[in-house]
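Both of the next two complexes hold chain A, though its partner changes from chain B to chain C.
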Partner chain A sequence: MTESRAFERSFDSLAGIVAFTAEFFARAGIDASLRPVVDLALEELFTNMVKYSRASGADVDIALTAIRQGVEVTLTDHDVAAFDVTRAPDVDVTLPIEQRRPGGLGLHLVRRMLDAIEYDYAEEGRRSRITFRKTLAERPASGATATTGGEGAGD
Partner chain B sequence: MEVARRRFADVVVVAPVGRLDHGSADELERVLRPLVEPSGDAPAGLVLDFGRVDYVSSVGLRVLMIAAKEMRRRGARIAVVGLQPVVAEIFAISRFHSVLDVFDALPTALKAISAAAAAAYGSPAVSTST
Partner chain C sequence: MLAIDFGPAGSVVVVGRLDAAQSPVAQAFLDRVEGTVTLDCSALEYISSAGLGVLLKTQKRLLASGGKLRLTGVNRHLQDVFGYSGFDQLFEIEPAR
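After this line comes the complex of A and B, so read on.
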């Protein structure tokens, strides 16, 4: 079972994305305990797309697929530069508070709380695509895989 | 976002309800700002009661980090209590135990921060909500 929807590139879309996910979880019978992490990943990744690809006027496509014991989510962004979320520099959370800067924890959390996250970029259409999975199964130690990517900065 | 506020002697307890996300973080920041900035009646301690917060994203953590830095700058204490499991995991991954003190329950936090506040706990408190 897969459902997809296009969302305007705007922070105002976040409430609609949360509602879409909640409805899909209920329809597909996916364990509700997975929702906070899926919501978190969607909020962080979608927010990055809004913040760092303002030049694109295209909507962001979000597809949800029910998989064994969980869900697979794909965010597809069009007419944007490459930004590989699996390879973006990590923040150093071991620094003392005086040296830590507010912000920048989004990708740090996403990469550690999901089962897997993958990225690919197609020059044709300048299409950026992130796919992640969250299941009830134990997370693998690495938690992230990358297929291709570019440079950039994100939260 | 509903945010209740109570004061026990020199400690203020702030209790948000619901999701601390992109849509609500500004509101929490607006509530916390006058409490963390130096002023004549600024509290000696601030406790965030997260017992009814079921979701925190990075923008929420940013608000907490700013508040913690400001409290530390003026030599005041800041703590969080009642973390739900997913929020506790987010705190652990983000190493937020080194940003603010984490306690299981409000009485424990008050006792650690201020004897006056611990004594006042249980007496009728001044409550406000936004």
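After this line comes the complex of A and C, so read on.
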């Protein structure tokens, strides 16, 4: 079961994205305990697209697919420069508060709280695509896997 | 949606979702508090990095004048986010019962 929807490139779209995800979880029978992390990942990745690709006027496509014990989410962004979210620098979360800055925390959290996240870029159409998965399965002790490439992304 | 207002004994009660769309509302409110402030999070369902930015900015400002922000009623999702971001080392946190 897959459903997709296009969202305007604006922070104002966040409420609609949350509603879309909630409705899909209910229809597909996905465990609701996964929602906060899925909402978090969608918000961080979507707002990154809004903030850093303002030149593009294209909507962002979001596709949700029910998978075993969880969900796979794909965000597709059009007419943008490449930015591999899986390679963004980590944040040093051990710094004292005087040296802490809020920047970069979103992707830092996403990479740790998901089961997997992948990035793929196509020159044709300057298309960025991020695919992530979250399931009830226990995460490996080393943290989320972060790989690049199109594995599992599907067209 | 997010609601933020003063509660009993000078605490601040935050209700709903502290996301990128709502964080300016929370920041505007918290910019007005002084001293040691208890932020009652028992009805705060969700926080993202935008919300973390609001808490960090407020904590820095309050610490500079001898106060601080205490977080109470923190649910499992919030605890996870605070843990992965290192905020559990920057704030006094009381988990939800």
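Throughout what follows, the second predicted complex is superposed on the first by the 139 of 155 C-alpha atoms of A that agree within 3 Å, B and C clash if a C-alpha of one lies under 4 Å from a C-alpha of the other, contacts with A are read in each partner's own complex, and residues count from 1 in each chain.
Just so we're on the same page, contacts are C-beta pairs under 8 Å (C-beta built on N, C-alpha and C of every residue); 3 or more make two chains touch, one makes a residue touch a chain.
This one's a predicted model, so the numbers in the text were calculated from it and none came from an experiment.
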item: When chain B and chain C are modelled together on chain A, clash or fit; value: clash
item: Contacts of A:36 with chain B and chain C, given as first, second, both or neither; value: both
item: First (chain B), second (chain C), both or neither touched by A:113; value: both
item: Touching partner for A:47 - first (chain B), second (chain C), both, neither; value: both
item: Which of chain B and chain C A:14 touches, first, second, both or neither; value: both
item: Set of chain A residues, in rising order, touched by both chain B and chain C; value: 11, 14-15, 36-37, 39-40, 43-44, 47, 93-94, 97-98, 100, 102, 105-106, 108-109, 112-113
item: Of all residues in chain C, those that touch chain A in their complex; value: 17, 19-21, 45-46, 48-50, 52-53, 56-57, 59-60, 63, 77, 80-81, 84-86, 89-90
item: Chain A contact footprint on chain B (complex, rising order); value: 21-23, 54-55, 57-59, 61-62, 65-66, 68-69, 72, 86, 89-90, 93-95, 98-99
item: In the complex with chain C, residue positions of chain A that touch it; value: 11-12, 14-15, 18, 36-37, 39-40, 43-44, 47, 91, 93-95, 97-98, 100, 102, 105-106, 108-109, 112-113
item: Chain A residues within the chain B interface of the complex; value: 11, 14-15, 36-37, 39-40, 43-44, 47, 93-94, 96-98, 100, 102-106, 108-109, 112-113, 155
